[in-house]
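Heads up: the structure comes next, in structure tokens.
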Amino acid sequence: MSYDPVMLLEAYRRMRAIREFEERMRREVQMGTVPGFVHLYCGMEAIAVGACMHLRDTDYIGSTHRGHGHCIAKGVDIGAMLLEIYCKADGVCKGKGGSMHIADLSKGMLGANAIVGGAPPIAVGAALTHKTLGTDGVAMAFIGDGASNQGTVAESLNFSAVLKLPMIFMYENNGYAEFTGTGYHLGGADIAKRAAAFGMPAEKADGVDFFSVYDAVGRAVVHARAGNGPAAVEAFAYRWYGHFEGDMQKYRGAGEVDRLRETADPLVKFEARLVSDFDIGADELREIDEEIIELIEDKVAVAKAAPKPSNDALYTDVYGSY
Amino acid sequence: MSYDPVMLLEAYRRMRAIREFEERMRREVQMGTVPGFVHLYCGMEAIAVGACMHLRDTDYIGSTHRGHGHCIAKGVDIGAMLLEIYCKADGVCKGKGGSMHIADLSKGMLGANAIVGGAPPIAVGAALTHKTLGTDGVAMAFIGDGASNQGTVAESLNFSAVLKLPMIFMYENNGYAEFTGTGYHLGGADIAKRAAAFGMPAEKADGVDFFSVYDAVGRAVVHARAGNGPAAVEAFAYRWYGHFEGDMQKYRGAGEVDRLRETADPLVKFEARLVSDFDIGADELREIDEEIIELIEDKVAVAKAAPKPSNDALYTDVYGSY
Amino acid sequence: MAIKTYREALSDALAQEMRRDPTVIILGEDVVGGLGGTAGEDEAAGGTFGVTAGFAAEFGRRRVIDTPITESAIVGAANGAALTGLRPVAEVMFMDFMGVCLDQMLNQMAKFRYMFGGKCDVPVVIRTLMGAGFGAGPQHSQNLYAMLTAIPGLKVALPSSPADAKGLLATAIRDNDPVIFCEHKLLYGETGEVPDGEYLVPFGKANITRSGTDVTLVAFSRMVLLANKVADKLAREGISVEVIDPRTTSPLDRDAILASVGKTGRLVVLDESDPYCGMASEITALAATEAFSSLKAAPAKITPPHTPVPSTPHLEQLWLPSLERIENTIRATVGKRAA
Amino acid sequence: MAIKTYREALSDALAQEMRRDPTVIILGEDVVGGLGGTAGEDEAAGGTFGVTAGFAAEFGRRRVIDTPITESAIVGAANGAALTGLRPVAEVMFMDFMGVCLDQMLNQMAKFRYMFGGKCDVPVVIRTLMGAGFGAGPQHSQNLYAMLTAIPGLKVALPSSPADAKGLLATAIRDNDPVIFCEHKLLYGETGEVPDGEYLVPFGKANITRSGTDVTLVAFSRMVLLANKVADKLAREGISVEVIDPRTTSPLDRDAILASVGKTGRLVVLDESDPYCGMASEITALAATEAFSSLKAAPAKITPPHTPVPSTPHLEQLWLPSLERIENTIRATVGKRAA
């Protein structure tokens, strides 16, 4: 596979944006400024970005409760996301969705989803739209290791295989579903194999390595766009933080997270390749870093200061007409 | 595998009972004497019996809408079944279940089920009981090719694999789900492979051949009884009649059913082996046949003449106490 | 106008809307049938009850889509398709099967618009069969529309006549909100005048099928037929029954019901679903809270008992509200006993 | 007696019943936690909200069972286990998730006894968390007990105090029918006197938490706390409010409600679930149909609006019935306005 340097820099920008966004959210949650529940994506940046760099605004993704990374990777505006997370009137969902329900159809983002296994059938429907309208668009569902056990996911695999839909199952195996590890909850211990059993190409990727994900998803997307039906990729990358902010993580061995930070940092790994193989200067990356840190600083301040939805908003948007 | 001649004769008796029972039901439905919906098992006799000959009364089965064969194979009393199908007061469910809800816990029969995919999780629960109580009992779910696509089945596979339950997934691939063939509805076209992907031994069997099913299920049951967790068998045998009685079967090629009757009769196949390899006389089998025909004749007459549930029965058995 | 069956009227509406709008698609189990079998790919079903017979031939299999038996995927796919530009009409063969796909109704389609701050339309229709009296047993006979009526974000339609079947279904398809369209299986063969050509019945607008002054009888779906019969009978005796068919439970035409109760001062509600937390209780509560001072007598509910639907034919009949019971309840409510 | 939290009271009941009866098992997601991770097999959770903390140590992992995230399999397995000799207590973490497992409630556990002609017991308990006010958003805050109350064959319990949490849960576990046990997440930290030792609260027996003569206020789950507060405040002004907590909606203590309405002649129902087809409508309809002649004023319903629960904190507060609104409704119902 060949890599466009512009694409690579954009990928870096998005991965960095996810990292800084989530680290900032973490601090904000600890300070108690963020309403609702927040599930952080740190450590998994290469999955969302490696996958979404193949997608257009007219391609769709279905997301999970751990959705910030998917949103940023798919190009949802960071300021609008922050306004939403803070439940403000100008949020991307007018402040009524919050962290677990960010959606932006204009970017092909079909919504975070607080129901484990809720989004895959919906993404399948977006793939059906593409097929019905005869476009070469695709849809992708992000699916956790825990979610991979839900019946809705198996149904989605079969449904899209039978209808030969342009659908990509993007499994995020981060080792844990809440406080239980894949060593226990995953019969057969091989998610990709399950997808393959429903009749589609399925490969595994290193979710810490942008290039590994990018390559595998690239093949899946080519397959799907060409009208050959669905494909699946299972990427492995531990999350760095708790299931949600506040989780004591008693299920993790001592020092696991420190080790991950040292040895499994997708940004460090990506940067090393960018510098060594693509002649991209570290200084250029530092500039991006700073821009992003500044942007997030700004947008968090804006979000915090922004007006809440009016009380009327409680009653609106239930129906289009009633 | 070795075969006890007494077992073989009992197996023949049950297969013949299923055949005669269903043929009779078919005529009765055509004459309009049977209430509700009836789904016939003819052509698949070797599956239910080949599987259930390994089971004890204390082992459990979960069944489907096409449940008569499973009931007879598991030893449910034919008279009580007929009373139930005719919705009579002395039916095995006091006449309130009918054909699609025959259950007999005393025989380990957890119920036919009119919800496709409804029974497998329930059978899993029976396996959980055996494991929790430390018995060597097993549970088995019968699952159609169409049902194999339901999310509940995938969940059951994973759940029993994770908990290492003594559970057998007995797939009945009869080529059709209602009016749609497996050539369309079955992504990956291989049910056993799906089960295997959840981490359990899974084999295929010829569902027309008693010995093929008996051998495969025997291995599965040994595996499960020994505490090694679940196993699956996919058996192939077309149904001879429509999805339900009344189905026009426009989805079947011309002459398909005639061909099946000629070339894929589980009883003919079984008899041939019994006579050639086990020194069992055809006359002995004819005696069984006659006994069964007489029994069914009797029991149908009894069922038709039996009293209906009283009107009070409408209100009873909703709760144990209320 | 022509005399048509309820089934034909449904087909009419579907065909009308599919001709009109290429984004309308149909998906469900055996809506065509025949794929993957040994007879080739000809239509083998056309819907379990024939409503979509001939549709594949006219609209093509790309728009009339057979699915595996996976209701969560069917409804979920309809949801995703609706969010992204299609107007799917998905079939959940029997309403009882909402058990296996409720999440896509309760937590997804119903809430998208709200969760997403109004920035989407969700033009999905779920057609589903309900009702007892068909010998289909406890898992294929339920009337579960009250559960759905209580879910904000959903609309619920219950056509009781061929004309309404056509007009409400066309409206449902054009509506930008999710609609659960509940067809009663015993109504499929009922006939009635059905307007030709484009025909729409608005949501939230009750149909007063009989005008009257003594008592308001609100009835839903198939029960409207029984209500009309009883009203006609009692009219001959001088008891004037106003029969109201709300046609949609969400939105509900509260004004029509309250106006009628204001006029008659008496209310009987006739509903084929469970006595508890159903439309019978809802309408009764509506009148009690909003028209209390008009009420001249205790309102009455007529529903089946709080039991599953038995498979037993005579018990199933006993389970259903009977003409006699309706008549007696109305007589008791208006204070006139049988002569 | 000791002062305990609702959470502790739940743990008490579970431990009490598990000690008493070896066939009682617990299953659900992370009811223990820690399996398959890198820290060994020690308890890592003890339930999402800690109710089963320490249970694996006492009862062993064979009776306290972590499951994958597959609610249909969890509830289905509980059903099968209940049919075959165990008394499973299964956890559906949030009530909203009944969307993904309704079939096993609606078509299976609720109907076994009936379909099988009474020849089985179904001693399954589903513990589940409900309620708004926790900032959990539209898919984790619903109060869906009315849907379940309308399913014949199910029982539904809604403890509003620590004592009831203990007593109703113990009763639920010993009951031979399926019980949906609805715990309100905002009640977990509430404290109250809880009887030591074996303690059972019968189903279908309302708790009159305040006696009064002017108006009957029926409230459910957490709303009982608000009802008591308002009753206490109004008592000081001479408005005598009788507060009734039915504790179970199925079976429902109709007699207690009707007796109270017979005495007070006035009814207000306070319910945290949707206004339509919920318990507020059900109780109102009960009074209207059965105690019409006692009613001196229109009964009133207090519920949230027909909208999802917004994630927005101040809108979520607005969504919930407020003390002020309850007070005003009661004043209006008894005909006395604020001084």
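Worth pointing out:
In order of appearance the chains are A, B, C and D, and numbering begins at 1 in each one.
Convention: contacts are C-beta pairs under 8 Å (C-beta built on N, C-alpha and C of every residue); 3 or more make two chains touch, one makes a residue touch a chain.
These numbers come from a predicted model, not from an experiment.
Greatest Cα centroid separation from chain C: this falls to A. Between the CA-based centres of chain A and chain B the separation comes to 45 Å, rounded to the whole angstrom.
With each centre defined as the average position of its C-alpha atoms, the distance from chain A to chain C rounds to 40 Å. Between the Cα centres of chain B and chain C there is a gap of 36 Å. Looking at chain D, one finds that residues 68, 70, 72-73, 96-97, 99-100, 103-104, 107, 114-115, 137-139, 152-153, 305-308, 310-311 touch two or more other chains. Multi-chain contact residues of chain B, defined as those touching 2 or more other chains: 95-97, 101, 113-115, 118, 149-152, 155, 158-159, 162, 184-187, 318. Taken as a contact graph, with one node per protein chain and an edge wherever two chains touch, the assembly is complete, since every chain touches every other chain. The touching residues of chain A, counted against chain D in their complex, run 35-37, 87, 95-101, 113-118, 146-147, 149-152, 175-187, 249-254, 256, 308-309, 311, 313-315, 318. Taken together, the chain D residues at the contact with chain A in this complex read 29-30, 33-40, 42-45, 48, 66, 68-70, 72-73, 96-97, 99-100, 135-140, 305-308, 310-315, 318-319.
The residues of chain B lying in touch with chain A in their complex are 149-155, 157-162, 184-190, 193-194, 196-200. For chain B in complex with chain D, the touching residues are 60, 62, 91-97, 101, 103-105, 110-111, 113-115, 118, 120-133, 139, 151-152, 155-156, 158-159, 162-163, 316-322. Within the complex formed with chain C, the residues of chain D that make contact are 72, 96-100, 102-107, 110-111, 114-115, 137-139, 142, 144, 146-147, 149-153, 250, 252, 273-274, 276-282, 284-290, 292-293, 295, 297-301, 305-308, 310-311.
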